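In what follows, chain A forms one complex with chain B and a second complex with chain C.
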Partner chain A sequence: MASTIPTAPTRPRTLVVASAFGTGSVLMYFGGLFALYFSIRADAMAWGTQWYPEGAIQLVPGGMNMATLAMSVITMCWAVHAVLNDDRVHAMIAMTLTAVLGIAMVNQTVFYFMDIGLPIDASEAATLLFTIVGSHLVMVVVGVLWLSMLLLRTLGGQDTSRDRDLVSAAALYWYAAVAVYSVIWVGIYIAK
Partner chain B sequence: MTTTDTAAASDSSATALEEAVTSTDPRTLSRVWGFGGMTSILLGAVAALLVGLERLDLRSANVFSSADQVFQFWSAHRVALVLLGVLPALMALSTTVVPRQCGGSLVFPRAAALACWTWLIGAGMTIVGFLVDGGLGTPGGAGQRQATALTLMGLLLVVGGLVLASICVMTTIVSGRAAGTGLRDLPFTAWTTLVAATVWTGMLPVLAANAVLAYVDLRGRPAVRFGAEDAIWEQVSWMFTHPAVYVLALPVLGIALDVVASTTRTTQANRDVLLVATAAFGFLSFGAFAQTFFDTPGTPIREEALSVVAAFAIVPVALAIFGGLADTLRRGASNLGSKPPPETVLSMLAVLLIVVGTVVGALHVIAPLDLLGTAVEGANFTLVVGAAVLGVGAGLHHWGDEIVGPGGRPGLFLLGGLAIALGVAVSGVTDLFSGQLGQADFTGVSLAAAGYPDSGVDGLNLVSMIGSLAVLGGLAAWMLAGILHMVTAQNAREATVQEKGAA
Partner chain C sequence: MLTTGFKLWFGFAVAVAFAAVFAGYTSGATETGPISIGWKGGVGNHVSYTILIFASGVLAMFGLIAVAFRDGDARAQAEVLGLDEAPAGQSDVGNSLWPVFGALGIGAIGVGLVVHAAIFVLGLVVVAAIGVEWTMTNWSEKVSGDPAANAEARENLMRPIEIPILGTVGVAVLVVAVSRVLLASSVNGAVVVATLVGMAIFGLAVLVSQRPQMPRNAVRSILFVGVVVVLAMGILAVASGEREFHQKGSSTDHGGVDVEADH
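Here is the complex of A and B:
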């Protein structure tokens, strides 16, 4: 008889909406930093000033990080899909893999910046580089913590197709983190 | 109320402070936002008065010991009014009135409580930072670096709190409103809060990016550029000038539209036009792009087409909203009686001041007049932020019974509001003229820093200072009215409890 009861109009999912607003403000934060970075870089280039010292920025670490995060997008999609299908085992595997890939990215970045030979106060470019990459590391660490919490919920059987908002919200945030890194990769590591 | 609150409420040993700190009740949070915001506005007005006293003699330092100290108070006045004052006071209405207008309750009450306390702690750190010789840098570089770092950290917490609170409010409007209620059906306060909060969550993170960059450069070693004492304020000053300050006025437009419609018992004609106009006002208020510190040499952002067009485009939009408001008042004037409610009078004055503020903002970008960097910028700030204070006060009075309880003081409130409106108008108009006579926005303590203005500015600065005094007096009257209101409401609550106990 349930089909005869009119269903009340539903609102968009609260957690996902809030996550979209929160992620939007994080993107605006990075948008501000990128705008400053590219604006100052364009001025420096126009004046013929050296932006980074020759060989200071290596392409390989940035490329490896990009590849790592690109893989994490796939595993995150896998996690969302698994939760939608109430596949708890696959959801746990996918979330664990995503978190591990995030940790790997943090590890690679920290290792590279310990070895970079470009002090933070070397120039405006170095200060901006450390600020942008450091902020992104914080973003990824928050994402990893969020995924760890989700993993605990999944272990407890709380992330299901009927109650999947937190996973969708985390996925949205994670995709944004990868999108931000793709700008870092192209704008800083490749364009230098 | 959450389970935690219910448990806390049932515990009779909980003090008022414990209840305030642990509560996630939107009304309690609203009182913290409102009282904290209005206190900061009062402090900002005191700082403005001291700077006004210093401006009476442009040739030397009289009230303060150096130009750097004047600068600290001058910048503290702007920060206190915008980030510690008007925005939090607007949050007081957003956390209680807006959810009710949407037919729901505030979503994520714990996050809203976290936002409120994060803001309060950040506001405390920011004020302490300014008082211990820090602030957001100084032109002479004589401030304490550690104190400047403390101010920046405080500013980041303030921004974090405001963004989180904005997200809670926006989610409440978008996702938590009653089923069947479309965005077009929302009352204007809720609608303009949604638009304004969208702009806040777009602009405040950019301000945070500026602050983080300055903080990273400031700490531990000589600054490269961004953390230099004489460079920090210019990087964040865009938040406290045209066009970003207009976004403070946006919810005030919504408050005025709702207050006038409610007190005249008349609905607005052309409602859809007003919805579009208020959204356009918000769109034109986005000011994160206008960062003069990062100007490319030869092409200052304030003289770019985008800035100039935005400054002019907002004038007809503000006029259209004022027209809609005046039309509603005209059609419902017969319902007001012989003594119109104070909130109606003050909200109309607030919108009028906003219109004047947008006109001044458009004037100051006309290149041949050469008014950029002059006191005309200060006039624009005074008019718009003063109008926002007036409008927020009108809103807090209108919905005061809902937030605090019964016991408002309309007479004292009207008196204070009229003093504020008069003071803002006097200060704004005199600064407009002194700017045209060549006086700089920040005058420092020498004629050179003041821009070698014409002789007439001395008299104008005196009148402007009297205007600041009127604003301060009005705010003091409001604080008194607010405290009396809270005491009366508290006594009424206790009397009710005793009556229930006796029964």
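Here is the complex of A and C:
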């Protein structure tokens, strides 16, 4: 099938590969944090000391956040699929929904942490909890900003099937953010 | 088919996963803990096990990216796009200083968080400005296949915005830095400094205007050296502090005026 060669050439896939390495470094940062968290928690449990105060960590907020982010994975897939098919309207709807779900997750987490009234310096557990969850909030906020930029590009007709690397890269980053939250959900909210 | 990149990264991932299991069982793991990621039994040393498991997952992700994007192969992309030939790669755009300035802005944000709010705000402003500049440079590099036309497109769009802003910032820096020098100098010294700085600026301006054939790089170099000298003098003056100001008349005389004294 003959087609015209694009006049404004793009570099094939280098953006996605570079984003994969960047996302990998972010994941390893969280790997280090989780390693510290689980190690100190295991020591505390072995000595029989209390890790979190009774009732401080509740399952419902963590579960709601996990469900919110799980839905955002679907909307992100929708966005990638829409861009691949040059469906600008659906791409914009999907990106907006994904960003809104990310903002909802940030809102829920901030409300929860204001509500539990656990000072950041109350214990090692509290410090690590705020560090890990705070770092993840930053990750999600960066993802939302990235999606906002993509939305502007889509509005201007720049995210197309021929120039979709930025969308693929953002999707990869977003999936990584959700994967990190799944570890937070299991390791902190469920295991406590 | 499985690509070379996939085989490399996935091989690393499997090796690191085995290393995690090995590290677990040799550091006190129980039952099937290291195999089931702690589901049944302990995993041994949590630090080494968690880091190795995360590393294995990240390496596996690299492998999946490699196979999904066919190791970044342009021909595979052409196939997906339905083209006979692979799209040409972007032309060489040379080096860019925006990452360096962006890093300076981020560094200023970090330092400002610890030292002073003004430095933090300055860092935010620098990062925002670099973000705009970098975005526009990136846009201009894709306007066409001709680097000269791309640079012209960027200049046409950005120069009317950059020149007034940079001019305003330059005047502000000049005023603040020179005023610090005048405040740090003695009464007579301030007069001498003001005269010399004024004459130097006027002399250089006359020199440049008399030589219209002077290369642009030479004019830029003169301006750059001038800015560095003024900034350095201002910083040194701030470090040495202002001269003493004495109130004229007695200490109870509220109607007195400030006068400068040599010291």
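Everything that follows uses one rule, which is that the second predicted complex is superposed on the first by the 180 of 192 C-alpha atoms of A that agree within 3 Å, B and C clash if a C-alpha of one lies under 4 Å from a C-alpha of the other, contacts with A are read in each partner's own complex, and residues count from 1 in each chain.
As a working rule, a contact is a pair of C-beta atoms (placed from the backbone, for glycine too) under 8 Å apart; a residue touches a chain by one contact, two chains touch by 3 or more.
It should be emphasised that the depicted structure is a prediction, and the values quoted were computed from it without experimental measurement.
**Q** Looking at the overlay, does A:28 come into contact with chain B only (first), chain C only (second), both, or neither?
**A** A:28 contacts both chain B and chain C.
**Q** So, A:56: does it touch chain B (first), chain C (second), both, or neither?
**A** After superposing on A, A:56 lies clear of both chain B and chain C.
**Q** A:141 contacts which: chain B (first), chain C (second), both, neither?
**A** The answer is neither, since A:141 touches no partner chain.
**Q** After lining up the shared chain so the two structures overlap, which partner does A:14 touch, if you call chain B first and chain C second: first, second, both or neither?
**A** In the superposition, A:14 contacts both chain B and chain C.
**Q** Between chain B (first) and chain C (second), which, if any, makes contact with A:38: first, second, both or neither?
**A** In the superposition, A:38 contacts chain C only.
**Q** In the overlaid three-chain picture, which partner chain does A:103 touch, first (chain B) or second (chain C), both, or neither?
**A** It touches nothing on chain B or chain C.
**Q** Using the superposition on chain A described above, determine whether A:127 touches chain B (first), chain C (second), both, or neither.
**A** first
**Q** Name the contact category of A:118: first (chain B only), second (chain C only), both, or neither.
**A** The answer is neither, since A:118 touches no partner chain.
**Q** So which bits of chain A does chain B touch that chain C touches too?
**A** 8-14, 17, 21, 24, 28, 30-32, 35-36, 39, 42
**Q** Considering the complex alone, what residue numbers of chain A touch chain B?
**A** So the residues of chain A touching chain B come out as 8-14, 17-18, 21-22, 24-26, 28-33, 35-36, 39-40, 42-43, 120-121, 123-124, 126-128, 130-131, 134-135.
**Q** Could you list, by residue number, the parts of chain C that touch chain A in their complex?
**A** For chain C paired with chain A, touching residues are 42, 45-51, 53-55, 57-58, 61-62, 65, 69, 72-74, 77, 81-91, 142-145.
**Q** Which positions of chain B touch chain A when the two form their complex?
**A** On the chain B side, the touching residues are 107-108, 163, 166-168, 170-171, 174-177, 179-180, 201-210, 212-213, 216-217, 221-226, 288-289, 291, 294, 296-297.
**Q** In the complex formed with chain C, which residues of chain A make contact?
**A** Listed in rising order, the residues of chain A that touch chain C are 1-3, 5-14, 16-17, 20-21, 23-24, 27-28, 30-32, 34-36, 38-39, 42, 161-162, 172, 176.
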